[in-house]
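The next part holds the structures, each set out as structure tokens.
Shared between the two complexes below is chain A, which pairs with chain B and chain C, respectively.
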Partner chain A sequence: MSAYKRLSIRQKQIVWAWLFLAIPTLFYGLIRFYPTGTAFVISFQDWNLLGERTWTGLSNYQKLWNDPVFWKVFRNTFAYLIIGTPVSLVISFVIAYHLDKTRFMHGFLRMLYFLPFMTSAVAMAWVWRWFYQPVPIGLFNNFLASAGIPQIAFLNSTTNALPAVLAPAVWAGLGFQVIIFMAGLRAIPGSYYEAAKIDGVGWWTVLTRITLPLLKPTIVFIVVFSSIGFLRIFDHVFNMTTNNPGGPLNATKPLVLMIYETAFSSFDMGYAAAQTVVLFLILLLVSLLQLWILKGDNS
Partner chain B sequence: MSRYMKRMALSGLTALATLFGSSAMAVEIEYWQYFFDARVDAMEQLIEKFEEANPDITVKMTHFPYADYRTKVAAAIPAGEGPDVVQLFYGWLNDYIEAGLIQPLPQDAFDPAVIDAEFFPMVQAMKRDGSYYALPTAVRSLALFYNTRLFDEAGIENPPATLDELVETAKKLAKVDGAGNLTQVGITTGMTAQDHHWWREVLVRQFGGDPYSDDYKTVNYTGDAGLDALNFYVGLEKDHKVTQSGFMDEPQAAFKGGRAGMHIDGSFRIGSLNKVRGLKWGVAELPAGPDGTKSNYSSYWVNGITTKAEGEKYDAAVKFLQYLTSDEAMQLWLDVVGELPAKPSVGLIEENASDPTFGPFIKGLEYANTTKFANESAQRQAMVDMVARIDIEGQDPAESLAAAAAEEQKVLDEYYKK
Partner chain C sequence: MTAVSDTSELPSVKAETVLSARSRKPANLGQILRWLLLFLGGLLMIAPITYMISTSLKWPHEIYNVNLIPEEPTIENYTYVLEDGRFYLWFVNSIIIAVITTVSNLFFDSLVGYTLCKFRFPGRYIVFIAILSTLMIPTEMLVIPWYMMSQSFGWLDSYWGIMFPGLMTAFGTFLMKQFFESVPDDFLEAARIDGLNEFQIWWKIAMPLVKPALAALAIFVFLGNWTAFLWPLIVTNSVEMYTVPVGLSGFGDEVDVAWELIMTGAAISTLPTLVVFLIFQRFIIRGVVMAGLKG
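And now, the complex of A and B:
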């Protein structure tokens, strides 16, 4: 106690700051960093959840490198990212841009767009799964068949399945992105637009020279946020393909689903942990890259 | 501070001692299983009867969602916690033995020779080096479900008894719309459901093969029998056009929806089919092969004694397991859960064997095989992909079969090399 009394006020403040910070630090250390660290350790081990853990060195990573399913899954994961992010970005911007100009039933429309974001992904995935079924139950194919058009194999196809699974995921995230875009649009000072109007500039120039450049921070945020989301896509895929998870022929399997299956149906925890480490590195890389772009913009 | 801690620890010890002291007379053992309504209900009734007969033993049942089950068991037993008697899937036996979670059943109470003679033959998969490690109360097998209303409508009198009849019957049941899209299938197909068992243990054998050699460690279906079986299976969709994989999403959904004439499934489906209003269905034995060969696939959950059980708890656990594998327990399990008795002495009594619903399943047990899976989901995936490559990518069946065999062999090698 006496040691504390001898401290200066500034030092006392530091002690207290550390004391308060200790709680979240401990909490994070315990529930975030400790398991993360354990995952790194397990990735160098062989463990089936039941027996002893044995050290296997880099063999899990070697297996991963030589696993054709992993590379297929790797490509799928980036396909979700590369298709999903730009598509959702463009659609949500177009909606936000026009919604921002609409006064009639503005609140109601905004609510309609936001609703899917609040809906449970599981329920949504199952409804879309039903939409995609072949005749006689699927909504889309029944419609096609009644118009005399041949059926489309949405989910039972190696080429159509990934976009079919991605569509509801994009739709579900749209509401959130629209709201963020609208906030970004509102934050642009009206004086720029007034000045442009006085100068008699066309809408295209206004869009490309004023709106989009000033929206850059918003766009970067949405890109970072949605790309992490697409890299970690799981619930839509899993629920739309539960009978053959990530199928057919691994056409829709993302990395997270592969990790889940390796860990909890093959009980190969070491291999699953190695996949997790790879996913972690990918996410880290993508996030750093995007933060670097964001930083370059601000300076 | 430290004195306070000491006092705390001391009082804790005293409390523990009192606890153990009071339970010294009556033994309490713990039983674990995964949560499934009917199973928990049946087990509660069994425990009640067992405790009545053995007043000095109490059994505490704990159940978990299926998803957490394995993790919890694995964490608890090595720590000296958890169950004395534990339920596990037959396919996990190797893992449980290797991890030291269960111990062999004592030879005096569970004489291997007696068990060999009394139980259905596939239960012998639970024997290692001459001792049994676990025993089932109930088993499951496959049979052919058929929609009696659709049969009447198509003027079909009896369910098919052979594979040829199966194709002919299915042709009469399938319906297409004007554009040629199937709106009702003759028989459901889908390797993701029970068909991979039907193909592996039934069709391959019926076409003259033996799906595995070397005690299920080597894939053996690459020959003509495997190819014939595969051609028959994919032919249902490709040549005869009586089915479509993924029709109405899931085979059982199509059957429940009354859009499928026939459906191969396990005895565990009976309960949920009973709940479907307006669906009239019957059960028949699986159709016999071209040369009359009958086969079936059986799977089961078993109970074993954990390595945690010692001393008087061990004795109580043995008694409890003896009760769980008694004729009385098996009959109760059949009545409550609808799973089939593991002994012919219960299963094949007149009342059960001639039961219109359970009968075909029980008859199937006499010639059933049990696949010793190394990793059931990965081995199933090989079958699913085998059919998908033919179905979606138009691959030649022989090539696809070879690829599936290689894939499955890799899974087996990886498992057994340790």
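And now, the complex of A and C:
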């Protein structure tokens, strides 16, 4: 204690800082960095969880490159991204744009749109799975039947299953995006709109020349946030296709589900680790793209 | 004090000025139409939730009927699902895990955020970059190494095993760091002169000033852990250790075509967060905006 008292204020600060950081440093080292390294190492090894870990060089990556299922999964993963991101962006913007201009019972309407964000993906995947069942069970097909429209095979069709699984994922994320869009809309100074009104500019010009350009940071944030979400889709797919995960015929299987099955059903840990490295690289690319776009914004 | 409350109130203050300027027009047909469309859209948005609740209150023979209001409402499904006892266990597990994880994140994320924000010490930049870089690592990449760790340390199928990966998050750390920026250094200096030690300064002076941020972080961490699926699915293998989402997933397969029971299970796992949301609505939405934009 007396040694502590002899320290200068600056030295005392250093002691306190490292005291505060001791446990977190240990945590990040052991629970984040060490496992990251392990994942890379295992991706160059062959290991079935029980036996020896043997070095195999790049063979896991070669296997991945030559695996038709991987390419199918790769296309699916990007299909979730390429359909999901623009669709959810446009829907949430349209809702936010109009909700922002509505004062009557504004809080109530906002609550309706935000509510799905508070639900759990697993529970809602089961609800949507029920919606998609054939007659006489499923809600959608019952509606179609009562309107005299032919039945649609949702989850059993190789073409319809992926959009059908994607729909609840888009739905669950809309509320968050609407709220973020509204915050972005409200941050635009009212003087811009006043000036436009004085100039007698139409609403379309206001939207495309004032609102959308000033919303660019918000749009970039939402695009990146939802892209990463769609690239990591798992809960919805797994729960809507538990009888045949990622089916039919891998039509809905995303990368995370392939990783899960390779690691915890086939126990091919090295191969699964190589897949996680690919996922890491894809997500890294998306994040770098975001940085690049935001930087272009400043210059 | 003023500086702190100013930053946290900023979006809503701006909103009020902007909106009052925009809403002076009298209601016309277009606005009524807009309101009606938004209302119908809102009803569509909550349709999966309302149908879930409606079906959970129906007798098995009625679930094929698309009517929203059950002809003979019953709580039989709830009695059946809860009498089974497993949902109680999963519920307790989920609550324990979500609460402990939330408390841990509130404590450590703000401690680290505060230290990185208010202290100057050798290694600060390295720690900052190191924690920031973990944001780039997807959890899916870590589940295999975490599983290996859990296996060798005997953490599989335990609360600790489910919780340990999420006890601190880089997201929470940077969120808190952002908010501590708005705490004036003079406050901390004054407390230092009054003879408080650094821990007391953080705990008694700085923490109360960032309460809105703590609340926002708590919402995110709690909701994230309440709905977490992949890692709990991997690390648990006995029914007694399941969390609600993992249990519900298995339960759905088990009862197969008894959709009224699945909807009941889904409702039981969803209603707590919905009720919490309906009570603290304004507060939660503000928190989501704060965390979303600052984090």
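In the analysis below, the second predicted complex is superposed on the first by the 273 of 299 C-alpha atoms of A that agree within 3 Å, B and C clash if a C-alpha of one lies under 4 Å from a C-alpha of the other, contacts with A are read in each partner's own complex, and residues count from 1 in each chain.
To be clear about the criterion, a contact is a pair of C-beta atoms (placed from the backbone, for glycine too) under 8 Å apart; a residue touches a chain by one contact, two chains touch by 3 or more.
Quick caveat: nothing in here was measured; it's all calculated off a predicted structure.
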**OP:** Would you check which partner chain A:34 touches, where first means chain B only, second means chain C only, and both and neither mean what they say?
**Re:** second
Original post:
Given the touch rule stated above, what does A:279 touch, chain B (first), chain C (second), both, or neither?
Top reply: second
**OP:** Considering only the touch criterion stated at the top, classify A:25 as touching first (chain B), second (chain C), both, or neither.
**Re:** second
**OP:** Look at A:137 in the shared chain and tell me whether it touches chain B only, chain C only, both, or neither; answer first, second, both or neither.
**Re:** both
Original post:
Of the two partner chains, chain B (first) and chain C (second), which one does A:186 touch, if any: first, second, both, or neither?
Top reply: second
**OP:** Check whether A:81 is in contact with chain B, with chain C, with both or with neither, and answer first, second, both or neither.
**Re:** neither
**OP:** Once the structures are superposed on A, label A:162 by its partner contacts, choosing first (chain B), second (chain C), both or neither.
**Re:** neither
Original post:
Is A:111 in contact with chain B, with chain C, with both, or with neither (first, second, both, neither)?
Top reply: second
Original post:
By residue count, is chain A touched more by chain B or by chain C?
Top reply: C
Original post:
Between chain B (first) and chain C (second), which, if any, makes contact with A:123: first, second, both or neither?
Top reply: second
Subject >> Shared chain A surface residues [contacts with chain B and with chain C] >> reply: 129-130, 133, 136-137, 243, 264
Subject >> Sites on chain A touched by chain B in the complex >> reply: 46, 48-52, 129-130, 133-137, 145, 148, 150-151, 153, 155-158, 243-244, 247-249, 261, 264-267
Subject >> Contact footprint of chain A on chain B as seen in their complex >> reply: 67, 70-71, 73-74, 95-96, 98-101, 177, 179, 181-184, 190, 192-193, 244-250, 257, 259, 375, 377-378, 381, 384-385, 388-389, 391-393, 418
**OP:** Would you mind writing out the residues of chain C in touch with chain A in their complex?
**Re:** 11, 14-15, 17-19, 21-23, 27, 31, 34-35, 37-39, 41-43, 45-46, 48-49, 51-52, 55, 63-64, 66, 108, 111-112, 114-115, 119-124, 127, 130-131, 134, 136-138, 140-149, 164-165, 167-168, 197-199, 202, 223, 226-227, 229-230, 234, 244-246, 248-249, 252-253, 257, 259, 262-263, 265-267, 269-270, 273-274, 276-278, 281-282, 285, 288-289, 292-293
Subject >> In the complex with chain C, residue positions of chain A that touch it >> reply: 10, 12-14, 16-18, 20-21, 23-25, 27-28, 31-36, 38-39, 42, 95, 98-105, 107, 109-124, 126-131, 133, 136-137, 139, 142-143, 146, 168, 171, 174-176, 179-180, 183, 186-190, 193-194, 221, 225, 232, 234-235, 238-239, 242-243, 256, 259-260, 263-264, 269, 272-273, 276-277, 279-280, 283-284, 287
